[in-house]
Amino acid sequence: MQSSAATLEIACGAFVDESTIDALFDELFPICRSITGRGLRRSLAIFERYMPLEIEGVPSGSQVFDWTAPPEWRIRSARLTGPDGSVVADLEESSLSVINYSAPVDAWLTLAELREHLHALPSLPTAIPYVTSYYQRRWGFCLSYDRLRALPEGAYHARIDSEFVPGAVEFGQCVLPGESEAEIVLSSYLCHPSLANNELSGPLALLAVYDRLSRWPRRRFTYRFILNPETIGSLCYLSRYGDHLRQTMAGGLVLTCLGGPSEKLSYQLTRRGNTLLDRVMEDIASEGVIPLEIRAFDPTDGSDERQYCSPGFNLPMGQIARTVYGRYPEYHTSLDNKEFMDIAAVARSASSIERILKRAEISWTYRNLAPYGEPQLGKRDLFPSLNSPDTRQHSSDHLSDERQFLKRSMMILNYSDGESSMIDIAARCGCAVGDLEPVLEKLEQVGLVAIEQGRSNG
Amino acid sequence: MQSSAATLEIACGAFVDESTIDALFDELFPICRSITGRGLRRSLAIFERYMPLEIEGVPSGSQVFDWTAPPEWRIRSARLTGPDGSVVADLEESSLSVINYSAPVDAWLTLAELREHLHALPSLPTAIPYVTSYYQRRWGFCLSYDRLRALPEGAYHARIDSEFVPGAVEFGQCVLPGESEAEIVLSSYLCHPSLANNELSGPLALLAVYDRLSRWPRRRFTYRFILNPETIGSLCYLSRYGDHLRQTMAGGLVLTCLGGPSEKLSYQLTRRGNTLLDRVMEDIASEGVIPLEIRAFDPTDGSDERQYCSPGFNLPMGQIARTVYGRYPEYHTSLDNKEFMDIAAVARSASSIERILKRAEISWTYRNLAPYGEPQLGKRDLFPSLNSPDTRQHSSDHLSDERQFLKRSMMILNYSDGESSMIDIAARCGCAVGDLEPVLEKLEQVGLVAIEQGRSNG
Amino acid sequence: MQSSAATLEIACGAFVDESTIDALFDELFPICRSITGRGLRRSLAIFERYMPLEIEGVPSGSQVFDWTAPPEWRIRSARLTGPDGSVVADLEESSLSVINYSAPVDAWLTLAELREHLHALPSLPTAIPYVTSYYQRRWGFCLSYDRLRALPEGAYHARIDSEFVPGAVEFGQCVLPGESEAEIVLSSYLCHPSLANNELSGPLALLAVYDRLSRWPRRRFTYRFILNPETIGSLCYLSRYGDHLRQTMAGGLVLTCLGGPSEKLSYQLTRRGNTLLDRVMEDIASEGVIPLEIRAFDPTDGSDERQYCSPGFNLPMGQIARTVYGRYPEYHTSLDNKEFMDIAAVARSASSIERILKRAEISWTYRNLAPYGEPQLGKRDLFPSLNSPDTRQHSSDHLSDERQFLKRSMMILNYSDGESSMIDIAARCGCAVGDLEPVLEKLEQVGLVAIEQGRSNG
């Protein structure tokens, strides 16, 4: 089987290029985001400049499956002052300095009283940890262990000016329509403050992929792009669009942790394990065109795919990452920064995801539109009008290009029965999916096959 | 994977203990049972003392699928007297002495004439064989081959005082209700006269199991206990309750030959081969907690499971034995007696069956009651309310107990989709089913999962 | 497992014996057949003498799925004369001399002008090739390469007296009814002029098989025999009978290339790959009773099975051949003649196909007519009325014939559930299908099983 690497190469004069990603990163990084509120809204607005996001919100207090949409967190300032008046932690300095969703406080405490409100990482003494307490009220500061250790006894002034007000859990989405109503869903989350690989790499790669796909001359699938706060945001999304996705979704990817030093992309299989993108990824991994590892589905860890792949939905949502959450010590700390993430790695990820999606387009299920008997290929100039023993070569060792094209046409037509994907048919032909692309395009052009309209079983 | 032997141990102060079984055996053994009539009725009445059997009968002459319910056999006396007046065979001496369902006779015969009415076993010259002729009228006596050989020429008086009268094929059943309507059916047969391992061990073990299960603090399944004459009795039963079992039956066991010298229990798979108890037994056999061999389903031999597993019903009925019918020479002869059977072996069998059923309870399919998205574990104190990098350990080599409990919770929730059993989920977790028991109980307690109500596909 | 070769031997005083096949061949061979017209009609009429074909036609111009039924080709004469008046090619000499469906011409041409209208095979310089141009109008002659090479310069007279008139695509069929409405379809094609192995061997073998099956004392299946011009003929057939076949067809064979020197028959699997005849052929191939190779389904080559196995129909149609098209150089040339084909080889093929069908009869799915509980075998003298330990042998090493017959009866009854075929049941019994034949016949005779009426899932 020959590689079809060529078909994965796409010339793309992307508008959202590496320098745009770089500038956007710098604008987004300092914002104190959370799962609700002003930081999230400002961040979504920045993405809206490049993609036509429609923003919706689920009001605080709404029942969302087993959850309740939380109130909006408004954080205005947060500062911890030491006995000598020096600033120990300050939101102005790092948006990680305060527990995300911290309750307000304005109090003088001894160091002993303060300790249970301070979070640091002994194992990474220079890092400020990222700590959240969305659903239980508490207040607290985060700081480096080095700083914590050096704190003197005395009276500390803890002041956090935050409040909880009725608001909404907001998310944004936009759609690039294609020839089929079957959808590929790309989703990333936007709620972590000042974290680079595990978080901003995801939305930034999503944007770059959006930009590239919007320039494709044709899209067979419809593509849906979603940005939401993690977990509660995808739950809110599913409460409104879950039924739609059940009807239309042919595949999907949660984009997360797409920067960092890892050479390989890392794909997590869907819960079903045999859907379109699962098979495309296995194909690509075995061809070695894009360095790619494949992970099993894991409902005990990860991101929004846990909601998409909950048993009530069981949607075909995979997850794609580069330097995976939890596998690097800087994860969820102030050391997960721009240097660690590397803008170039994010751009490479976006480019690879585009190539993966290009491959998905021709790996899907197509339907023979003339399935009763063989279509008459001769009248479409796909079969020789003269049938003579010297035009039929039966030595299969060395088929003429014309004869091979014809044989592949007949294979595609016979097996495009709504059950076999192009991956299955390529396997039957003993060739790569990419080798079928010109044949498939010809058959589409003469109207003999069309991409499956529904989401199919895949 | 660690063994979960502990979960199979049940403290049980059984009322039907070994000495009760012993006394019941002695009361039941001499009765001349058959598939109808007074002996069967007396035997059922003895069991009614300990379990609330409801007795029903299908009248003689009723069409029962391809069969006709036979008339009732009344046997009053049967004696064969030799030329010298000595008693050659007598019902008073052994209930095996007369062919079961023998026609009446009162005649003088020469030894030559008599021979075709005499049954003995040359291969086991001291044993009286157990012979039946339910559906074709004949008369005859059974005796040891030693005695047969020694019979002198002369005139013999054969006198059998029996008659065939309209009656009924009777059976008894009772139910121990549980949390689910899904039923486990335990069945044994009661029609053999004066035979120990292959027969009385079955009903006695059934009674002991009933007694133990009636004392369980909770029963997830509903348990149904049936006593009937073999073959025609289970056909009569199925003619009335077959449709009910098709709706409710999650598993079942025919109890037979549960005494004898064999060390191992012997389980015969259901016809489907992949039902709940098939998988539980395979689990237990591979763990080695209970010594157990597994036999293939065999429609050409065995007991009432042949009726339950006929193609029109195809119910999930297995069979459990210890010293299996047909594998020991004493089978169906007077040598299958109390000494051979061993009361202690029967008691051990009952104890093992209880442990098997305990395991079945937690091996079944459960249903996530909040299947859309993940349930919010935090509000139920099953998830840390504070999310910080030091509370998330990603070294899977050494998970904290708390983190392992959480991961197993999430696995159970994600896969309790009505298709995966706890056996499947344990395999995914890389642990024994027993290891999931505390997690499952917690999730049941907070209302997040419940046992499948219907019989499911299993 | 012992072989059941014996059951494949059938005594058959066939009327269509080898000498009849020989005579029919000589009558059919010279006829200038095509996919329509007088040659086809005359050929069908010859077959009608031996089998009650019903002839139908689909009128020229009719839409047939993606095709249009072509006009009828009337060819009266075709002669190419050289500069010296000598005959270069003449329809009178060989019906291969003119392109099948050649347009008319009457013109004088130079050798250079003529060349594009001449067809020869450099690789086989003594052979006249078989050339067709059904759907694009052109004219031309076919001749040996030796002759072509020797043609002198000069003026040639090309004269083809043909015309295209409204007519019909005709086909013929007849049915041998059997006990089940489930059908086995046998089809061959009749449109090639003066070609022996790849063509006449097929219809002649079909006729011989028809003759043999018409003499069977009983037929469980209904057998349908079809003769049609290749491709367009089977499309026309399917346009009228495809829906019927979807309801009734249990299996089928396209008969092609059944003569020639190959020792083995060659079976091409159906598209589904697991249908009745696929499994029968695999059984036979592994037993080695009939030398047989098995080929994968191939939609890019072959005969009418490509239409039956198009995705819209996906009928269980296999293909049987001996010396397969395209594997021998004489294919589609004048060298594919009677000597190459060998009448005796065709007769052997017919005999083997009869044996295969005989096996198919007992390999199919049967249905237990008393599926609830076990049927009462005793009342049908299939079970001993006296049940005694000495009549039950449990040493399975050496079962009595009677006991083995009983065990096989019980296996057939338990598994004849509409899903298991006799092949499946034989595998469970550890015997050959043929070993089950007497048991099956007995169970049919007493009314306990019957062949599946519908086409089943097979």
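Should a chain be cited, it is by its letter among A, B and C, assigned in written order, with residues numbered from 1 in that chain.
Just so we're on the same page, a contact is a pair of C-beta atoms (placed from the backbone, for glycine too) under 8 Å apart; a residue touches a chain by one contact, two chains touch by 3 or more.
Since we're looking at a predicted model, the values are computed, not measured.
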item: Angle (degrees, nearest 5) of the CA superposition of subunit A onto subunit B; value: 120
item: Chain copies touching (subunit B, subunit C) - same or different residues, decided at half shared; value: different
item: Subunit B-subunit C separation of Cα centroids, rounded to whole Å; value: 55
item: Numbers and ranges of subunit B residues touching at least 2 other chains; value: none
item: Residue ranges of subunit A touching subunit C (in the complex, touch as defined); value: 368, 370-376, 378-379, 385-390, 392, 394, 406-407, 410-411, 413-417
item: Interfacial residue positions of subunit C with respect to subunit A in the complex; value: 64-67, 99, 119, 121, 123, 129-136, 138, 231, 234-235, 238, 242, 271, 299-301, 306-307, 309-314, 326-327, 331-333
